[in-house]
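Order of writing sets the labels: A, B, C and D. Residues in every chain begin at 1.
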């Protein structure tokens, strides 16, 4: 790691989440001396980039730390010699997300940004772009770490690890949110809680939950069964059925509701779509309000309203990870990494979400072995869907795409899979050069 | 193998299928000299046993072969020193099957005898009985081969291989039916066709189809796409969508329709249930007519009407297998055997349906390696369901049962899984001592 | 498979073994209608090629079959559109073999043609040539089957399967020799004997031996322990210690003596080297006599003296394999094929020697699963040696070469490995362009 | 973990190493409040136990910490309700070790305490005793952690994990010694060095060496090649050949010399045996002197002479491990644990030596995946030897024992294996009830 100050490039720098990131760097400045932070965006995002970038500059000035914030549309300039590249971009912006949510609903299928057909569509749009970014990294910053936050985070990270030479780690705020959630349910300080995570991004189970090192999984499960709940802004908070959660014996992530409670979640989503609008439509309004706030020249800290947006702990997750790498911390974080035999029930070359020791050499997952049968099947079928999705996204392979959607547990049949797929391709033509 | 004549015990000897079996033994008598054939049944089945047993005796007399048919309710007498034990019993008779079909339909879920919740219920009733039979075999005929035909055949065979010391091979008439079907579609003699099978019972794919040794998979797939079809009496013959079947690139078994065309199959089953009755109700009528026929003292051959029953090629499959073992034939048959690494994507100790060389030492599957991603996920999730079903059936484990039904792709949510499970347990109380 | 007559190209056609092959084709002519047989050799082998090629022509004329024998130095002409390419060449001729045998002896290490450092040296010379041949096959006969008989057969076949697109099957006469040997020891007809083989080329175990399908392994082991023996012309026939062979419980191949009885075998080889000469020197004399015989224009059958040469059953093995492929026989033969999970204790992409069903689509090994611990370790360490040998041979990688010899169980230390390696490279410079 | 003070039972408490352990507990007393330390020994060891036990009491008094040291021959009293049980016993005392060293030398085979036939003999004597201890733990302290230091540490730990329900972690001072050695060679503080370890006990490789998180493996390898060396008191310090160590590209443990430099090590051991005596004979003298020192009532600290004994860092390894468990530290230590897929090239149920995160729930190894081919073969063959050794030791299985020694790379042939085995059984009759 260079003694020269750190250079970080953030692709999608105009995102409303950026203040989270800035706050994270400010808080860690003593350990993690960022010298140059490049916020990169594309022409269409220039206005937002200016607004949020200027807020970032104010925040840094106010904090009195010595970070130079650069706003740029020139991705290559940003990536050149960067130590870390972080990604938080959204191809097609929120309008594309809203389409992703609405297409499946036409066929009575859950329309959601990251799981099911919506996540599939988002992956198809994102894969060509991330591969392009990685070409730049391979050329201009081959030693840089790519910290990917772009959803579907597991699929995008697997794409990078399978098809490029870039050193990449995928991140999500769900696992850390589950730690906070467990602490809240048990009424204890979050630092006393630790969790063994195993699974895939947005399909991760807490297989064991510990309080001060003692296994308290059963107690937490019991609490979940009597209605104590942990969810996220993005996911409807339907309570777990006590006998079901007890038979599972593990701590499911909020997104598991899409798989375990498919019918109720579909109803909820349909109801919302007709009243509040889809989540994407809601977020669009929240974002508009946020950017209004961000414009206020007197604002020089992260505004509390950002929390409604759904990205809680993003700062914790991303900045802590960068910090652990930079300072060779050898602490444990939950990341998306190459399986490499960690979970014996999945192929070696896929990406999983799991506990890993983080140091200067990267993320070293803790060995898991075989997972219990009760979670194995769902994990495997979703991973097959993900691998087919990547094959489709990289090669524009219609056959793989149709099989991906058919095998996805949220899609009820091959016929419906085909209809949804054809709609997705039709409505995203501009973003799918690979097809 | 003893020089003394062969002794065979058939559990569930009063089945309407028995004439198939008798015909098979008659045809092979020169190679396969069965001396004693014990048809065993239980008290409730005595009448049917007498009817079908006497038909069997007339068939044998008519054929002029020297097989002694014994009708008995004493299972232990039948098993003692048997060379082969075959099983074709149905716990709870057709009434239980009809309940299995109707319970899921209450919740808008496919009600079918072997896949989905119906197969789960059948497995729960059958497991205690097959384990009991195996205790007798372990004690009275430890060298006997158990040829299991009782459905769900894969699950029952796996139960035996995991929980007893009995040498067992599971059988199903689906794969041989697929060979006949492919021959018919291509308009060629069945002996010119061979297929590489990989998968699970009632979830088996023909990964490659050969005509005279040349790979003709694509041609067959094309024919399936333009409406040529192969199905079975038990499964509605909905045509495959051309682009879907082409993207799959393999020859699915008829039962795959339940997974790939869930919505259409459910509609079909619901329609049938309201008009013709469930398949079980239809079979009940067919059986009544068959037994009427069987009573005719002038009947001394297998009546052609039996074919409507759905067990075509049963004779081929079972008697040929016994013949190959007895005569150390080293020919290839499709059987349900312990995986043992044959398919690398499934655990070693589960049962798969696959091509195997058959000789006196048993069934030796041909190595497969990894299966293509497009079939891997579905195969894995259904296998997880099967393993949980066995765990539930052996130990009366409610948690495993609930997780089994939840993970089954035909069941839309954990809530519905729970309702169906509670109904199944309630309505089968008498047959489920393990719960 | 073309309806036009079969074209076969035999690389190293001037070998003294060729009459074996000719006899094999003559015997099978009715089933296997070879039209054109190209015997190919290099300039240095022209004289031998003429001698043995003319004998081949006389044999064919005498047999009255319609095979055209072509003698050529033009490998590409021979390979073009061939249905099968067989390889039986020896890079550096017998003089190289004699060097391979003598170098290790300088350091008190077993000097042998195929195992230990001698086999390593032979592999290094052969790998560049086989890769060159495969380039021709890829270009001129991409559908041809390569039947490799060139030693070390397993290593050469693995090289082809890892580094080219050629469809290759490796062969060795050891397993079939073991079947004949077992039959002889038991005093029964060879057709009544079958054996489950598992292992590597020249390191293959008969894990189970059957007589008429009954397991007679223990009886055979007992006979081996009391001095009944099965060896080969190439391998000194030291008897097995009764308690050792009984503790092994399997039927070792003759070459296992190099590993299990290293000290005695080394003494034997040293003694021979000082009296009769190394095996290579002996073979050189035998070959000279053979070629004297072959010149006799009255000779028109395979002379019985060929048997002393050590290639018994070569004809059986090679011609039967070609016949099984051509006629889609689905019979079982012992071949060197890609592991692909057949033995779970070895990597997927290595070559093993094992029972396989042979048909038009190639060799389909029978699934083995895990092998017993007592044979696992030796099999694994020799396979690691083989993989390193291939890596060294393909890339001229000195590090891999040194590690290969160090890990080889016949080489006592890294220091001796280095000395032997440096001698091998020095003495084979001309044949090792890759270094 | 109980709030009541910690109870620790040390089996083999009369060992000369005990002052190491005492010093370790004293140093960590603030974090690790040991209340009761039971030093247990057998009748034959009573005198030593008294001597070393009283030294322990003086050390503790001198340090002013509140640990109660109990000296006892009653193992069950010591184990009852213990939090940790540590084992450092030696069945048959040093006389048995000396025999272990001398038997192989009769046959020109390396005679060493833990590798080769010597380690095999030690394992056979130790296995019945450790299983007996574990029965007590299962009954009297089922929640206790067994920290095994008794050699061969990997084999003994694997025996416990395969054949009992005791929670066990195996330890060795070799890896920590390698970290110190690397630091010394590079001339840096030991805390700046970290190493990725993979392998088996006394056969562990440092696959990557880091200084401040940067990979410096090549630099260390280079230093080893030019004669900088790291060895241990127990292992002759023969330098590595530069080209060999460079081709290996990893940091071998001192014991690797027995495998890689077998001939030189044998010479060294033979020379020593004739001059200084075997290592066991030397240690016997060192121990006598140590116990003379220990008797000195004025001695109340660990005497520096103990370092000659060979157990450097024992205190670090054992006490730090206990501390990490007790305080849920989640730091990384090198331990012997169940493989469970950590190294994909070894069975799941064997024990490996590797980096693991240590917390209250035990040791969680970091996933490794496949190891490089160059170390895979040796690791696998030695593991097969270890598994056979355990099978022999638990069941008194002569066949497994003979195969174990035959497959061991230090034993040149089956014949010599048999002679050594028969001598071992003969000379250890008293300690081998299982045979």
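To be clear about the criterion, a residue touches a chain if its C-beta (ideal position, glycine included) is under 8 Å from a C-beta of that chain, and two chains touch if they have at least 3 such contacts.
To keep track of the chains, here are their UniProt names: A, B, C, D = 6-phospho-beta-glucosidase.
Computed from a predicted model, the values in this text were never measured in an experiment.
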Revision key, fill the gap. The chains touching both chain B and chain C are none
Check your understanding: Just how far, in Å, is the C-alpha centre of chain D from the one of chain C?
Key -> 45
Check your understanding: If you average the CA atoms of chain B and of chain D, how far apart do the two points sit, in angstrom?
Key -> 55
Exercise for review: Among the residues of chain A, pick out those that touch two or more other chains and give their numbers.
Suggested key: 370
Review point. What pairs of chains are touching here?
Key: A-B, A-D, B-C, C-D
Practice item. Can you check the complex and tell me which residues of chain D touch chain A? Key: 1, 194, 208, 210, 212-215, 328, 330-332, 340-342, 344, 348, 357, 359-361, 364-370
Revision key, fill the gap. Within their complex, chain B touches chain A through residues 241, 243-244, 246-249, 260-264, 345, 347, 370, 373-374, 376-378, 380-385, 387-388, 391, 398-400, 402-403, 406-407, 409, 412-418
